[in-house]
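Chains here go by letter, A, B and C, matching the order in which they are written, and residues are numbered from 1 within each.
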Amino acid sequence: MTVTDNKTLPQSLLPTLPGSAYSDPELFAQEQAHIFEQMWFCAVSSADIAKPGAFRTVQVGRESILITRSRRGEPRAFFNICRHRGAKLCTEESGEAKRSFQCPYHAWTYDFEGKLIAAPNLTKMPDVDRTEYGLRKVHVREWLGYVWVCLADEPPSFEDTVISDVRNRLGDVEAVEHYGVENLELGKRITYDVKANWKLIIENFLECYHCATIHPELTEVLPEFADGFAAQYFVGHGALFGEEVKGFTVDGSEGLDRIPGVSEEQDRRYYAVTVRPQVFINLVPDHVIIHRMFPLAPDHTIVECDWLYLPEVIASGKDLSKSVELFHRVNQQDFDACERCQAATNSRVYAEGGVLVPSEHHLAEFHNWVLSSLTRNP
Amino acid sequence: MTVTDNKTLPQSLLPTLPGSAYSDPELFAQEQAHIFEQMWFCAVSSADIAKPGAFRTVQVGRESILITRSRRGEPRAFFNICRHRGAKLCTEESGEAKRSFQCPYHAWTYDFEGKLIAAPNLTKMPDVDRTEYGLRKVHVREWLGYVWVCLADEPPSFEDTVISDVRNRLGDVEAVEHYGVENLELGKRITYDVKANWKLIIENFLECYHCATIHPELTEVLPEFADGFAAQYFVGHGALFGEEVKGFTVDGSEGLDRIPGVSEEQDRRYYAVTVRPQVFINLVPDHVIIHRMFPLAPDHTIVECDWLYLPEVIASGKDLSKSVELFHRVNQQDFDACERCQAATNSRVYAEGGVLVPSEHHLAEFHNWVLSSLTRNP
Amino acid sequence: MTVTDNKTLPQSLLPTLPGSAYSDPELFAQEQAHIFEQMWFCAVSSADIAKPGAFRTVQVGRESILITRSRRGEPRAFFNICRHRGAKLCTEESGEAKRSFQCPYHAWTYDFEGKLIAAPNLTKMPDVDRTEYGLRKVHVREWLGYVWVCLADEPPSFEDTVISDVRNRLGDVEAVEHYGVENLELGKRITYDVKANWKLIIENFLECYHCATIHPELTEVLPEFADGFAAQYFVGHGALFGEEVKGFTVDGSEGLDRIPGVSEEQDRRYYAVTVRPQVFINLVPDHVIIHRMFPLAPDHTIVECDWLYLPEVIASGKDLSKSVELFHRVNQQDFDACERCQAATNSRVYAEGGVLVPSEHHLAEFHNWVLSSLTRNP
């Protein structure tokens, strides 16, 4: 996969990736192997596995991963596969194991550290090592109130990838720490089933040239977005709320209680961060919105979106609907646009891809990152 | 792909194409590239795009094509893809654009000639040529009241392909002109979803060996069809109505007003013409039936069938149901038979295909044409 | 496809087949070609085609096969494809032909021996030999009240395959003859749609290490199954009913009339036989249960299961539900477990497969047989 020679384009334009990059099953398999199964992947919310034995199962790359919490309260992640004959250990999306995970086929039983602790006739097989035949482990980190997993044998540095993406966008990592995301609580979760390639969703999130056309509510709240320059175009920049706007809501009305740590500079501003390969962080004074993408096929991506508020806001029972509705509409508008682009990726007139206007030129950096990831990672 | 050596068959029999010719996805992709995306393709009725800006979107080969009419009333066809980031321009099957086609993603806007006439910040990109970055054009012709398109860079001669197929069948092209098809109006359109290869549908239309078995109504109206020789077997021949038959209707009752240009020779006769690769023209004194095929997969073809009558017949509100019902039944009977044949194309005992009896021997010409098209066209 | 080097496993464990053996479409195509289309395949019950012209159509490997009975009462099997243009001869799953099979496309007509006996204008094609252009024949045998077919040109010895599998399991073939299976009648047939590879279903049937975990009703009736050793582990062994158990029913209550030929040794015992590649025979004193598998895809198998009783039991109208319910539950429990295993077969941590504990070691023989079949058969 290569990008079109720039010389054939006028100076105002840069090429996108070729059409096949968004539809070729072979390339997608490479992305699964070299990106989603190699990098840190934001899998579930810490609150989804609140106590020991609580679990969620999610698809990471091509694998079903079981995420739970140990007796000591530490997150743990395993391939969701019994070591004996390969039965899926947990078929539910979420649940709570009492003492252990027991395979419902032959009753091989594992503790929350993944160790094999029982099986019929196991005592007659003394040469079967209980750690060696424990569940296959996956690397795990907890940050910003989410559990991040890595399926690589040798995971990349969390600092040099996840943290670095945040720092490069916001200028410093403290900027996000002000929001105390790990202390917020879930106000709303919406899951979107998007019939488009994950890279189209990232490209869409990175630019705001489309904002004036498809986001009437958002550009009303963030007037500078109507000019086509996204918050992510400038390092450290957050888009300022309109003068008449009281809060980050669908009609610009008052929002919820401001998060205490948010600085004066950050007040009345919207910050967007893309953490490659599958997370969007959206920061506003009174809440944080986190998107996690689960790419399933070249033309199919599940997006799980969480709206997070102060615990006292959630506890108060205040109406969140106008707050949630703004970005829910943005999501729908964006994902519709991405689905519209998916079809063309197979056309012969899109074989060399499309073009990026000046306010989209920074997308080329993402394209180069994708290309280099496919060759760099094992 | 080759056909079986004739020497292995008795003289009475000729081979069909091998089974894989009807089911192999690779071969179908070649047919899309070398036949449907290279030849003149009858896409929509002229009446479907009656005035400037009226449009229809259709699949031609593997591409979505947007067909509309210019301000000067001329048909125009484009790849239905925005030049910027590849969004589908029109997602509706049909509609009417007021002044232009505007992409709903970033508002790039094109006139009815395909020229780029507006885009956000376009004035700041003076090096972006508005014709160069206009919609990708497709060749277009209007004939017999239909819009024919050609996706090839250099289209084949319309005269040597479409017109020639009509002339070879009817003896001369004037024979079809008598019916003034472009002046007729749509009485009924039925769309059939056929789970069979497009070549099975053409083979079926070319022969009448099956007529006695599956077309009781048709052989009642056209008694000579019961003998197994199709109208298309003899150049210039039209099948004569039965003596008691009053019109080309499901029960042989009176038809509608005769088309004035139809000659005495042509009266009380049914003529069938196959225009390769995807059109059937059926001529009877009081109406014309046009089939257009849209091959979507090796085993999936959409057939859009139009029944056309004199404008005064349509205006009168006369009952067309007995007239339409005859060929609607024929269509259903034929397409059922084609679907029945599709399954066998994967069987090992059909690997070398089936056999053609003498009254089907002319199908070998179609088979040879398919084979040569795959190698001849670029 | 090779199995993992045993040296890497502790002595207690043997490897299963690698994960891809259960999910790779290429390998499944080879299994269709080298196993299901080469070996004797138990297709339909003799009673399904009770008289001349009665027929059933079934999928054997990748082919649709028409099975019927000749005028002399002998079973006959043909590829279900007309020799002329390949139309499917019989589209129904079952039915009764009066005098012949007539293709509904062009009326080519075949007798119950497959001979071409009529076709429009056939008399004008004297060089078309009516046997040569008859239906393509498939080898056929009737045994145990079932019709077994073989699609190979040269079928393997029925004695050395089917009969041999029974003898190797039961010690001698007379053991099954005691049950007079061909004289029993169908009490119940249930068809299961299983989303799992056929080999997982066989492996499951071969071992009882899972019985204590998933079969509470069965282990109640057959207490020794709770220990994890299957009836099929020992040659000639049948699992003894529990002391309190009166019959092979879901609650251990009284069964139906005992089959007269069943020996004292066989009474109050359950025998299981696997006839490769797709039949399970289950013998208990008062009935016989026969499973036939129809593998359709790497991850999709249809299982047709028949419960057979003495004719006088069927005639009496006695309640069979508790008798049927026992193995119906076992089937559901087993097939759920197989479906649970299917997903893992694509995982990178199951690439080398799983492990077999000592009471499953005999499954390795089945694995070796699969591997050798793929290379041995043409």
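Here are some notes:
Criterion: contacts are C-beta pairs under 8 Å (C-beta built on N, C-alpha and C of every residue); 3 or more make two chains touch, one makes a residue touch a chain.
Predicted model only: the values in this text are computed from it and were never measured.
If you draw each protein chain as a dot and join the dots that touch, every dot ends up joined to every other dot. Where chain A touches chain C, under half of the residue numbers in use are shared by the two copies, so each contributes mostly different positions. For the pair chain A and chain C, the distance between mean C-alpha positions equals 47 Å.
Under the contact definition stated at the top, not a single residue of chain C touches 2 or more other chains.
Taken together, the chain C residues at the contact with chain B in this complex read 37, 62-64, 79, 81-88, 91, 104-107, 119-121, 124-129, 133, 136. Listing the residues of chain B that touch chain C in their complex gives 10-13, 16, 19, 203, 209-210, 212-214, 228, 337, 340-341, 343-350, 353-359.
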